[in-house]
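Okay, so chain A shows up in both of these, paired with chain B first and chain C after.
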Partner chain A sequence: MVNLTIDDKQVTAPKDSTIYDAAKLNGIKIPILCHDKKLKPFGACRMCLVEIEQMKGRQIPACTTPATEGMIIRTNTPDIIKARKLVLELLLLNHPLDCPVCDKGGDCDLQNLTYDYELNSNRFIDSKFQHEIDYNNPLIERDMNRCVLCGKCVRICDEIVSYGALTFIDRGIETKIGCDFEKPLDCEFCGSCVSVCPVGALLARPFKHKARFWALTKHNSVCGYCGTGCNLTLGVKDDKVLTTVYDENQGFHKGQLCVRGRFGYQFINSEKRLTTPLIRKNGRLTEATWDEALEIVAGRLKGGTAVAALATPRLTNEELSLFKKMMLENVGSKNYDHSAGYAHRALTEGFASSFGSSASSASIPDIQKSDLLLVIKTDSYETHPVIGFEINMGVKNKGIKLNILSDKRGKLSKLPGANTLVHIPGTEVAVINALCKSVIDQKLADPSVASLPGHAELIKALSDFTPETIAAVSGLTVEKINKLAADYAAAEKAMILFPTGLGYAGHAADLARAVANLAILTGKLGKEGCGVLCLSEKNNSQGAVDMGFYPQDGGDNALQILDACSAGTIKTLLIAGENPVTSYPDNAKVKAALDAVEFLIVSDLFMTETAELADVVLPACSFAEKEGTYTSTDRRVQHVKPAINKIGQSRSDFEIISSLIVKLGGTPPTTPAAQFSEITANTPGYEGMTYATLGNEGAFAPVSIQPVFVVPVAAQVPAAQGKLALVTGSVLYHNGTLSQHGEGPVHVCPEAYVEISRSDAGRSSIIDNDLVTVTSENGSLQLKAKLSIRIPEGVVFIPYHFPAAPVNMVWSGSAVTMVSLSK
Partner chain B sequence: MSDVVAQQVKEQEPEVDLVKADQVIDKYIDLPGNLMPVLQGIQDAYGYIPRKVADYVAERLNVYPSQIYGVLTFYAQFHLKPRGRFIIRVCVGTACHVQGAQRIKETFFNLLHIKHTETSADLRFTFEEVACLGACGMAPLAMVNDDTYGKMTVQKVDEIVAKYSAIPLD
Partner chain C sequence: MNPITPIIKGLGITFKHMFLKPVTLQYPTERPRVAARYRGLHGLKVSHDKAKCVACYLCPTVCPAKCITVEAAEDANHDKYATKYEIDMLRCIFCGYCVEACPVDALKMTGEFELANYSRKDFIYSKERLLEK
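And then the complex of A and B:
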């Protein structure tokens, strides 16, 4: 700590703080335009000038000057005020005064400072800038005439997002912010630049002219897309969610969001939302009252074991646990599951057997505390972009060693010092087994683990996975495998991350076992910055597992349920929020099952491809309209509250299930809070939590681990035989099929495509945007081609989110699907 | 950036000869802070910085393309458009101005039809007005590449243009 005097006040501040930080910490406000607490000090705007007595009253920037012992600082002498006024005058000389139509009005740092310093005239005259406004993309408007050159956008895009879309162009008075070769902005559209822009130079287009900033009510919430569990502030006016509001103090991610979180909110107030229950009459879905619909549904649910349910892991913990309770106690069926089983197999089968706990042993804040990261399968920046930011910051600011083991390259591969091992798709379990083998052979294993159960079996099984054998199968080299194994074992703190979910089927459970073995073998568990983090796909995937909404005690899993529908043994299927027609593997089989089932009930926000097949459709509501809790991928339990009233006659799934329980003769809890207290009483790790103790940032449900070695089964990768390996998964802009209803993501990434390497494309003379037919044993699909340098030869990538081009027409759900391409 | 990616970028733009770029990059690849020497080397090799080469440098050095563009536009020494084989610089500083630099400049324009920073269609000449070449005693002054021509006259302009027009372009 250092002691200093600011404006005659004795203050103390941490040793590494700047004068600006020290003042802020002690409640002294220094005006600034170019500073953001997440970014490195820059000193561009000269608004934060202060006088330091020891420097003979020279004016120096507070944001770049370290606070030192005994400093005597003045922040508002007449000279300083004069200097700041000059800075503002010079900025306003070229800055257009179009505040009445600027969306930033009321939230603009320049406007506020001009007001604070009572600047009502300008001594200088000059012409305004004449830069062309960039309207080329649907999400971010760039009006460089309003820019004050603080450089925050350039820095955030580099330091945190690591995309580097923007730069300072030219120099001196001509300087402006733009993209390389002054092309239009075409980036990840995470909107980080918009969030930090102090003026109206960068604006969110979907929010343009929707509401003045001060007219918005701000509601804290939790993002409804992926399992990262980012905190959101929803900007609401007239009962509509109009935007997301940046709050630099929110959550572990300090308000950082990805394109989905920031721009994907439009599904909430979408025109396409279902507003009334629908009942199929004479082959057509017709509007009905809730009473009619619930009466019919309740009647059908009295079928005992002939009833099955599929629910989306986007439901709250309260809804999932109540749903399960209804199935067990009121319906009398054990057949319920979520996400075709793929979202939870890594947790419930993999981690449960290896760790004795169906949860990840590491948390997101561990990432920046680690020394070495091993990121498996596709780049996490694409599946969980905000976790990608954490990795970026760890690598760039803390020198964390980054290793990537994937079937394709991505943004993380470009980080400084990133070591990318591109393997043949489907061989990841084998490669991790080889890493384990290499750790043992190099005598780097933790000696204390030899006594753990399963050690001997693992050693025996690993004899088939020598680095030499696996190098040949996986397309890697022995040296690379040995080096990665040695680096991982040698690091004091090392962490493994891998994604799961519908796009990452195949051998999720074995992948979890394999990485668990590697972590156990090297003693990388139970310490800060160590462990394994399974990145779940949906916002409440971990919650669905914690609530036990997956088949147990002989219940059918999702794929068995669909088979039983086809076979006629399941007669009633209740689907809450899932869209199997688009997202489950093997489209033809799914459709046949849903056609065959006697009675199909779908509760959803939208008329999905699955809802179109239903006999009764119930309008559900979104996360912004209901109360409950979500559990993030690292087991942070967070509380969401309604930000707006429910749209139309829609009801939360909690209300729907409660009404059904009443009709089935049971007594449901009165509120989600009552259900949550039941959850906390019965769920390990949730003990003692209440809505009040969760607060705004949520609380971690602790995970206790009992490590055991379990031999993972490595998939047999079929020989290529001139075919290409299909890799499916998430694309940056989407998550599940819900983001199809968010304008933002759809604007940027409107349709499916097949990404191919340039060499494979060249061989079939395919060029960008060519329509190509992708054929597998399951079927075929026509898609636009996208040539890419990140895809290795012999691999094609198709994102799975798009109903218009469902990848499940060709994708079988096994570890690798071989396909061929034709024009 | 890996050589795999670099290879694929090369295939993407077959019309630009990247061999020269590779030679420059290979020379400096292990030097920390190699962006400036690489870009200078690229400019020497190509006469200017072609956009595709800039993108290629970005891939191989693993630098954002935007960052490269920022550097290229910051320094006056980099050129983003093709430049002539012969760069004619006419001084219009104070000493040259009073000695009639304006006439010299106009004569060049009448012969070559290129103004300040412009390049002739055949890529033979680029014309630049400069503020001072540091040899005011020789005013009015002109330079063609590294050759200096002092005490310029209108006749000398004709001679210079004739001399450099006769040299075959490679």
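And then the complex of A and C:
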């Protein structure tokens, strides 16, 4: 701590604080324009000038000067005020002053400072800037005439997002912010730069001219896309969600969002939302009343074990647990599941067997506290971008060593010092086994783990996985495997991350067991900055697992349910929010099953490809219209409240299930809160939580682990001459199939494509945007080609989110599908 | 005082007024002279064949009666304009704050005071009706 005097007030501040931090901590306001607490000090604007007695009254910037013992500081002498006024006058000199048409008006730092400093006129005269405005992309408008050159956008894009799209161009009065070669902005559109820009130089186009900042009601919520569980603020006017509002104090991520969270909210008020129940009459879905629809559905649900249910892990904990209860108690069927039955297996089978708990042992805040990260698949950035930001900051600011084991390169591989091991697709479990073997052979294993159950079996099983053998299978080298094993074991704190989800069929129980073994062997568990984090795909995937919404005691899993539909043993299928036709593997089989099942009920926000096949369609509502809790990938339980009224006649799944329970003769809980108290009574880790204690930030449900060694099965990769290995996965701009209804994501990434390495493309003389046919044993699909240097030879990548070109036409559901390409 | 005197005085005043100019305006055949600063019906000013209003949302913000509805959009030149500009005259208190708030001098109050109408919805003045003719 240091002691100093600011404006005659004796204050103390931590040793590493700047004068600005010290003043802020003690409630003294120093105006800033270019400073942001998330970014490194920069000192570009000189608004924060203060006088320091020891420096003979010289004016220095508070945001870059460290506070030292005994400093006597004045923040508002007439001289300082004069200097600040001059700074503002010079900024306003070339500024267009088009506040009436600038969407930043009302929330603009320059406007506020001009008002605070009572600047009514300017002593100088000069012409206004005449920069061309960048309207070239649908998400971010760049008007450099309004720019005050604070550099926040440049810095956030570099320091946190690690994209580096923007920089200062030219010198002196000509200086401006631009992209390389003054091209239009074409980046990952996370909107971070927009959120920190103090003026209206960078603006969100989807919100352009929609409303004034002060007319928006701000509702705290939780992002409805991925498992990161970012907090966000919805800006609502006239019962419509018009934008997301940046709040630098929100959540562990301090208001950072990815493109989906920031620009993907349009699905909430989409024109295409379902507004009335629909019943199939004479082959056509026709509008009906809720009573009619629920009566029919309840009648069909009285079929006992011939009834099955699939739910999306986007439902709240309350909905999922009530749904499960209805299936067990009112319907009498154990057949219910989510996420194709495999996307959650890393947790429900993998971690459950290795750790005795179906949750990750590490949390997101652990990332920045670690010394070494082992990321399985570069896709972790695409699936969970804000976790990607944590990795970026850890690597760039804290010098965390980043190791990546992946079947292709990606953005994470570009981070400074990143060590990417590119292996042959489908060999990840074998490679991790080889890492375990190498740890043991190099005598780096924690000696205390020899007594853990399963140790002997593991040692025996690992004899088949010597680095030498696996190097040959995986396309890696023995040295690389040994070095990674040694680095991981030697790091004081090391953490493993891997994504799961519908696109990652290979990331199931065995991968989880393999990484668990590696962590247990080296003692990288149960400490800060250590552990294994399974990145669950959807916003409530972890919650669905915690609520036990997957088959136990002999129930059928999702794929078995579909088989049973085809076989005719399941006669009624109730699907809440899932879209198997697009997202489950093997499209032909899924469609056949849904055609075969006697009665199909779908509740969804949209007329999905699955809903089109249904006999009854129920309009459900989005996260912005209901109350409940979501559990993020690291078990943060967060509460959402309705921000707008329900669209049309839509009802929350909680209400739908409650009505069905009544019709089936049961008594449902009255409110989500009542259901939540039942959850907290029955779910380990959730004890004692209430909506009130969760507050805005949520609370961690602690995970207790009992490590044991379990031998993972390493799948054999089918070798096929002349064929390419198809891997599926997520792209940055999408999550599941819901993002198809968010304008932002769709503008940036409108359609599916096949990503091919340059050498493979060259061999078949394929160039960018060529239409190529991808053929597998399951079928074939035409897609646009995208050549890329990140894909190794022999591998092709197709994202899975797109109904218009569903990859599941060719993808069988195995980790790797062999395909051939033709033009 | 003689009780008759005030009556005589009063009648005197009445008699005098028979020769003065009448105060009563024979509305509607006679029209009042409306002062330039009179606050009557609003008018949206036009310049270069376009409404001057840039849909800055300041007048709906300042309006104490909350009777102005503005919706903005971007035109082909990326300029901001009001797709919807409505004033509910039944709620307006003719305070003139909206005119005062306008940063681009796009709004005025005219001498128009004959606002009676038959149905409520006719009191909602759309942009077309408000545009200066």
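Structure notes:
Note that in this section the second predicted complex is superposed on the first by the 819 of 823 C-alpha atoms of A that agree within 3 Å, B and C clash if a C-alpha of one lies under 4 Å from a C-alpha of the other, contacts with A are read in each partner's own complex, and residues count from 1 in each chain.
Criterion: a residue touches a chain if its C-beta (ideal position, glycine included) is under 8 Å from a C-beta of that chain, and two chains touch if they have at least 3 such contacts.
Bear in mind the structure is a predicted one, so any value in this text is a computation, not a measurement.
Contact with chain B, but none with chain C, is seen for A:789 once the two complexes are overlaid on the shared chain.
When the two complexes are overlaid on their common chain A, residue A:99 makes contact with chain C while staying clear of chain B. When the two structures are aligned on the shared chain, A:212 is found in touch with chain C, with no touch to chain B.
In the superposed pair of complexes, A:450 makes contact with neither chain B nor chain C. In the superposed pair of complexes, A:472 makes contact with neither chain B nor chain C. By the touch criterion defined above, A:490 reaches neither chain B nor chain C.
Looking at the superposition, the partner that touches the larger set of chain A residues, chain B or chain C, turns out to be B. Of the two partner chains placed around the shared chain by superposition, chain B is the only one that A:420 touches, whereas chain C remains out of contact. On chain A, the positions that touch chain C within their shared complex are 99-101, 105, 133, 135, 208-212, 214-215. The touching residues of chain C, counted against chain A in their complex, run 54-58, 61, 72-74, 78-80, 103-104. Contact residues of chain B toward chain A in the complex are 1-2, 4-5, 8-9, 11-12, 51, 54-55, 58-59, 62, 64-70, 73-74, 80. Touching chain B in their complex are the following residues of chain A: 158, 163-171, 179-181, 409, 414, 416, 420, 757-759, 762, 787, 789-790, 792.
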